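A, B, C, D, E and F label the chains in the order they appear, each numbered from 1.
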Amino acid sequence: MASIVKEFTKGLWEEVPPFRFVLGLCSVLAVTTSMSSAIGLGGGVIFVTVMSNVLVSALRKVIPDKVRIAVFIVIIATAVIIVELTMQAYFYGLYEVLGIWIPLIVVNCLVLGRAEAFARKQSVILSLADGLGMGIGFTLSLAVVASIREIIGAGTWFGIQVMPAIYPGFTYLLKPPGAFVCLGIMLGLMNVVSARLDAKKKAAA
Amino acid sequence: MDPIVINSILAMGGLGLGLGAALSVAAKVFYVYVDPKIGEVADCLPGANCGGCGYAGCSDCAAAMVAGEAAPNACKAGGDSIIQAVAAVLGVSAGAAEREIAKIFCRGTHTSAERKFLYKGIQDCRAATLVAGGDKTCTYGCLGLGTCVTNCPFDALSMGENGLPVVNEKFCTGCGTCASVCPRSIPKIVKESQQTAALCCSHDVGKIVKAICDAGCLGCGLCKKACPEKAIEIDKFLSVVDPEKCVGCGDCYEKCPTGAIQSLLA
Amino acid sequence: MEDYFMLIISAIFVNNILLIKFLGNCPFIGVSSSMDSAKGMAAACIFVNVLASSMCWVFQKFVLEPLSIEYIQTLAFILIIAGLVQLVEIILQKVAPPLYRALGIYLPLITTNCMIFGVAVLNIRQDYTFMQAFVYSIATAVGFSMALILLAGIRERFIVGKIPKLMDGFPIGLITAGMMGLSFYGLVGIGK
Amino acid sequence: MKVGTFPGGLNLGSIASDTSTFHEVPSSGTVIIPLKQYSGKACEPAVKKKDEVKVGSIIGESTGNDDASVHATVSGVVTNIFKKYPDMKGGTVPAIEIESDSKNELDVTVFEGTDIELIQKAGVVDLDIDAVPLHSKIALAKEKSVNTLIVNGVDVESQFSSRAVLLSEYAGEIAAGIDIISKLLGVTSVHIGVIEKASSAISSISSACSTAQVVGLKDKHPQSLRELLVKAILGKEIPQGGIPEDIGVTVISAETALFVARAVNDKKPVIERFITVAGGGLSKSKNVLVRIGTPIKEVLDYCGVSVGGAGKVIIGGPMMGTAIHSTDMPITKETTGIFVQNENEIAEFPSGVCIKCGLCIDICPMKLMPFLISGLSEAGKYAMAEKNDIHGCNECGCCSYVCPVLIPMVHWIKFGKSEIRAQRSSE
Amino acid sequence: MTVRDIINMIVVLTVVSLVCGGGLAMVKMATAEQVEYQKIKNVKEPALKKILSDYDNDPVSDRKTIITGKDSKGKDIKTTIFYAKKGGKLIAVAFEAYGSGYGGPIGVVMSINQPDEVLGAIAATTNSETPSVGGIVMASSELRDQYAGKPVDANFGLNSAGGIINAISGATMSSIGVSTAVKNGMEIYKKYKSDILG
Amino acid sequence: MKTPELVVSTIPHVHGGNSVQKMMINFMIALLPAAGMSVYFFGPGAIVVIAISVVSAVAWEFIIQKVMGRPLAISNLTGAASGLVFAMMLPPTAPWWMICIGTFIIILLGKEVYGGLGNNPFNGVLIAWLVLQMSFRGEMAGWIYVAGEFLTESTPLEILKFEGLESIPEYFTIADLFIGRTTGFIGEVSAIALLIGGVFLIVRRVISWHIPVSFMIGVVFLSGIFWLMNPEECADPIFHLLAGGVFLAAFFVATDMPSSPTTPIGMLTYGFLCGLVTMVIRQWGAWDDGAFYSVFLISMLTPLLDKIKPKAYGR
């Protein structure tokens, strides 16, 4: 039980993608212009990581090594298409906004990375916990970046005006160059925070 | 059954079959021997192919690790567990039955060792050596500019107030980086259990050592005489303790006129 | 002819696949830390991008559309790309070891390079003819390579400087990439 | 007269210098004579403790091609033979201490032999920055069939004037020396490079030496370096890592010619040195004639120079000289001059971040990119530093001199070179 | 590598692909209905709202797809008919038809009021015309108004071709496209009237 | 035991006395004529913008260095100089908050995240300017009338781009452009003042002549080709040289040390390419003036241009 909790929680801070493992950058940059699209994509990613982790882990004994990448990718792609169809069926507006980024979950290195690094070697339960943790961690990161970009860039959050009406909106953050810089600074801050924590740990030890 | 189902199954099955066949045939026809160790190391790596290590993908990084070009901790995405797994495959730390740590073999602090001149320039021991051989009169002693400190990959060294580096034994892994970067090889890697050593590197005759340093080994041989286990030899005016023979009785400590011979366990 | 020219200019500069469309960022930030890797990656990318997107286009038009199973596109494309990359890798390793050492090692990275997959999908979504798709895939890969090599050049210069430890690596790479995207802003309006 | 120069380099401005003749520093009580005053290996001592020596007695004899004889410079008793006496570069050399009886009796044993043997016996070295024993230099030049001789009449640094004064005062002897050397080498053309503003030196040497062509040179640092002297006079470049002899040129300094004349014509060994003393409160630099072995302290005292507090004493000039840690060190054949700085004159290079202003590239006489090489050395990228011609740097100091952020570029480059050497030797 | 390994590789990859393909087909079938509804709701409903008025049902769920001929490749052309009702009584049908414009097909939805069988209104759906020219055609009421209230069997060609519609100056191609689309729609209506109203 | 008396260090033992501070003082002196002209033509608004910009840049530098725990380096005046150049690139009506955002970006993204002056691959002033252009187009184009008299609300290049070549003489003569009786950013209007400042910088060896000269050659070259091909619609090279930000960019912006090449050949290529891209943007791009955009774009090439090394001695 403890190990399940550990595998789950490590995705939330210790190994939170994309800040710690710089994985899945493209979608982080692309969909964080607004909170709703970030959460939408995040949901999709959670589903895909969980499903691929579980299936890969379940099949880990029968998959020959030489074709494992191909098999993993088939599994992942299947999960992605399920997400795609489901979104189309029930969240059509979001589907339109996210556009190409839904099929692109398939090449999000986070998903394949977890399959390769974790699910391939661990039990189904642990893989489930890992996939869920990583997926949620990824979604939370998306949400944080999206909050910053949407609030400062447009003055809104989930489309609701949160800044005073006079606020001009710092459009730069909504544009691609702003996305890179915003994420870069956040990674730097993340490093600062974890360096502080490490120092504290060291001082305590 | 709906044609969609049949079409999907056919298309995917065909694609899978074709690719599987092509890949297996290619793997057979174009077989190239690869060091199986590379595969083993690659298995330990995350396999995310993120490129964060600077190498093109995990297997490239693994190849570099096996070839010794990359350190076992090159994978930044992996975390400690992966580093350990890689190290285990590479056998880096596997053979060492006993933990080794670095010790500073010099006691020439600001107050006890003489300086020839006031050094001004790059604060790095190796760079300082280029300027008239370094500012310490003793040509074997620690320069105290902290090249070992800045190069320690595990942040296990710090510069003490008296001008000598201090090893934090909790973090030291005995990797030997400090010993190799020091122009005078002051940090030495010893077994954790070694009890006694003369913390000095000077091969100068006693007279010279006495003139320039209060804490150096004079090579007087009093410790040799005092040692009941015959664990101490004098090598070119420097006493050397054989850790195998030393029992840590401490008889030599009192006899040493400069206190160069020390217990390492204190 | 002019259409193709505009397509190329737009794909390389104005709508750079990397800096404006955000495709292929993981290898971009990862591999750009050294010039040699950047060059190898660039060459491998151009090669695979053209090959993969052509094959995907063919598969889409001659298999998926006639069978009306376009919904399976994602699965089919990624399988084609993964298989292709692995095949090329195996063959290169045997047939041309020097080329393999120069390019082959970058191939595994390409499977998860969203640019390859993204361009294959964009070709279909934008309803390109085979020729347009072909040109577009070359141009995007060239745009990718250009950005990669420029960033590698800039980051190589950081060796000489003293980047703060906490910003070194990915953070500074991302910030610099952002600046590069900003610089293409000046070319807006050219080659629509 | 044509005026030659090279691209880059810097004019350090003129510092008041003494153009009058040399003052002789009185011989001291004790001298210390290192047995290695040149690049090569040390001589074996030819005397024992308590031996009596006279001025000119051989105390270390040259036996081969990479050493030069060493002579006593005072008469008296050998009081000590040091195995390890500190030298100015931080290493140690064997040295002989002689206590003077202040009689300065001359040794009457007369040297005999061919010209080249006389040169070897007199212990003549090429009195320049790296002092090579002259007989081995001549042997090398002959082996490489050198056809051009360049006499370096440029002072090692702009603040010094000893060579210019030497050229005007001892033009005759120098001309005779040049003749001897050119005959030994069998060279067809001889050039003498002199700073163009040293007009009296130019006029006296041109009239004394009819066979040689006197070339005026712009007063720029580091004009005295062989690479740039060759470039300025002949317009040719020495291949990187090579020596002038590779392109058929040999370079000797003006005082070498003087001592050759004395060795061959008068059978006199090298026991003294013409040097400039500058800085340290002197309003004008001073040119002095010093016996080899005299402690630097005494020279400074004679010139009235005070080091004060934590000052700096530099053997050689402010740009390329070596700072020493003790004024007990003796004057040797390698000593080109003494420059003294007081505590507040010392320049510090605290190493800022390079702002890529490009001034160092402008100024670099070797046409390198100093900021890049030094940065690469600092970052430990030695292979890249080598690709960027780190070995082409001749450490003239111009880059650090102009650097607005005070990067110790020369130090880093030296560091890189030594690291590369260490890597090579460990391989 | 043994033959067994090779067969194992091929079999696993094939079986996984087969299963995934099959599984996806199931999902596709399960969601097809809903996806189609969502697509129509999001793509067609805005246009439908423009051309239908005074109804109280959801035309998007009250729809029927009929086959209206075959295309050049022999595939069925499908047309979706939307029914607008008020108080349970059919007041209009609406569907989409295509004509070719300057930059590809122009889609036009049209409504036919029931039971008097006159054209209610038209609106554009797919619009790949150059915005400056084609956009005018679509936006301006000049062209749209010419259609309203015309009976289904009127000649909907441009008056240059003997019809009743005046082309918009400067956008002839687009005008032709729209008018062809409407003409095609009327053909379909007339031909498959029984299917549509049945 | 004796204590050491002498200092020993490596060569050189003397320094020429050059410093970043001296360079920056010269740099700011060189901008004074242009600043003075702008105050004459635009009135006190220009002074306010310049003051806010300089003061806020220095303040941000202080704050950011404090927060990041880096040694304070305000005294080298790079912050003040950046603030001054930045003010030169703003309209005289720029609101205070926008200037403060801009100077914040200059210091943070242009300098401190890279570890201080020298490491930054891009010119911080241009980063800030582009970010503001991207975010606040309206505020960045607020021109006021020249020296109190109404001429036009458009800059000469806007007139060229949106009204056509024939409309230009209605508003400006070449002499107006030369002196600065025109609309535009604070510092770019007066060509003569910028020329004086630029020559001063070259004489004081703060910048070398390579970049400004090749920049102008690039502009004249390409505009000359356009003009010769189509003199009815394209303006002549002199107009292109004097209008817009060419002088300001060539002397004061493109010569930013960290982001420009260091070797003579590199500098010449860099300047020439800047000139060409300036004209490409003016001719075909969406913006009326490409001078600043082009510098930013070409500075990406700096690391590659720096690979063109001079031939080393003996190589």
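FYI, a contact is a pair of C-beta atoms (placed from the backbone, for glycine too) under 8 Å apart; a residue touches a chain by one contact, two chains touch by 3 or more.
For clarity, every value in this text was computed on a predicted model and none was experimentally measured.
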Between chain C and chain E, which partner chains are common?
A, B
Quick one: how many steps at least from chain B to chain E, stepping chain to touching chain?
1
With centres defined as the mean of C-alpha atoms, identify the chain lying farthest from chain B.
E
Would you mind checking which chain's C-alpha centre is most distant from the centre of chain D?
E
Please work out which of D-F and B-D is bridged by more C-beta pairs in contact, and write that pair.
D-F
Rounded to the nearest Å, the gap between Cα centres of chain C and chain D is 60
I'd like the Å distance between the centres of chain B and chain C, where a centre is the mean of that chain's Cα atoms.
40
With chain centres taken as the means of their Cα atoms, state the distance from chain C to chain F in Å.
34
Residues of chain F touching at least two other chains
4-10, 109, 113, 115-116, 118-119, 131, 134, 306
Going by the touch rule set out above, which residues of chain B reach two or more other chains?
4, 7-8, 10-12, 15-16, 19-20, 23-24, 27, 31, 48-50, 52, 116-118, 120-121, 130-132, 135
What residues in chain C touch two or more of the other chains?
26, 29-30, 69, 71-72, 75, 79, 83, 86, 111-112, 161-162, 167, 170-172, 175-176, 179-180, 182, 185
Who touches whom among the chains?
A-B, A-C, A-E, A-F, B-C, B-D, B-E, B-F, C-D, C-E, C-F, D-F
Could you please specify the touching residues of chain B with respect to chain E in the complex?
2, 4-5, 7-13, 15-17, 19-21, 23-25, 27-28, 31
Would you mind writing out the residues of chain D in touch with chain F in their complex?
10, 227, 231, 237-242, 307, 310-314, 318-327, 339, 341, 343, 346-349, 352-359, 361-362, 365-369, 371-372, 388-389, 392, 395, 397-398, 400-406, 408, 410-411, 414
Residue numbers on chain A that touch chain F, as the complex places them
168-172, 175, 177-178, 181, 184-185, 188
Write out the stretch or stretches of chain A touching chain B in their complex.
14-15, 20-23, 66-67, 70, 74, 109-110, 112-113, 116-117, 120, 202, 205
Chain A partner contacts - residues on chain F that touch it in the complex
101, 109, 113, 131, 134-136
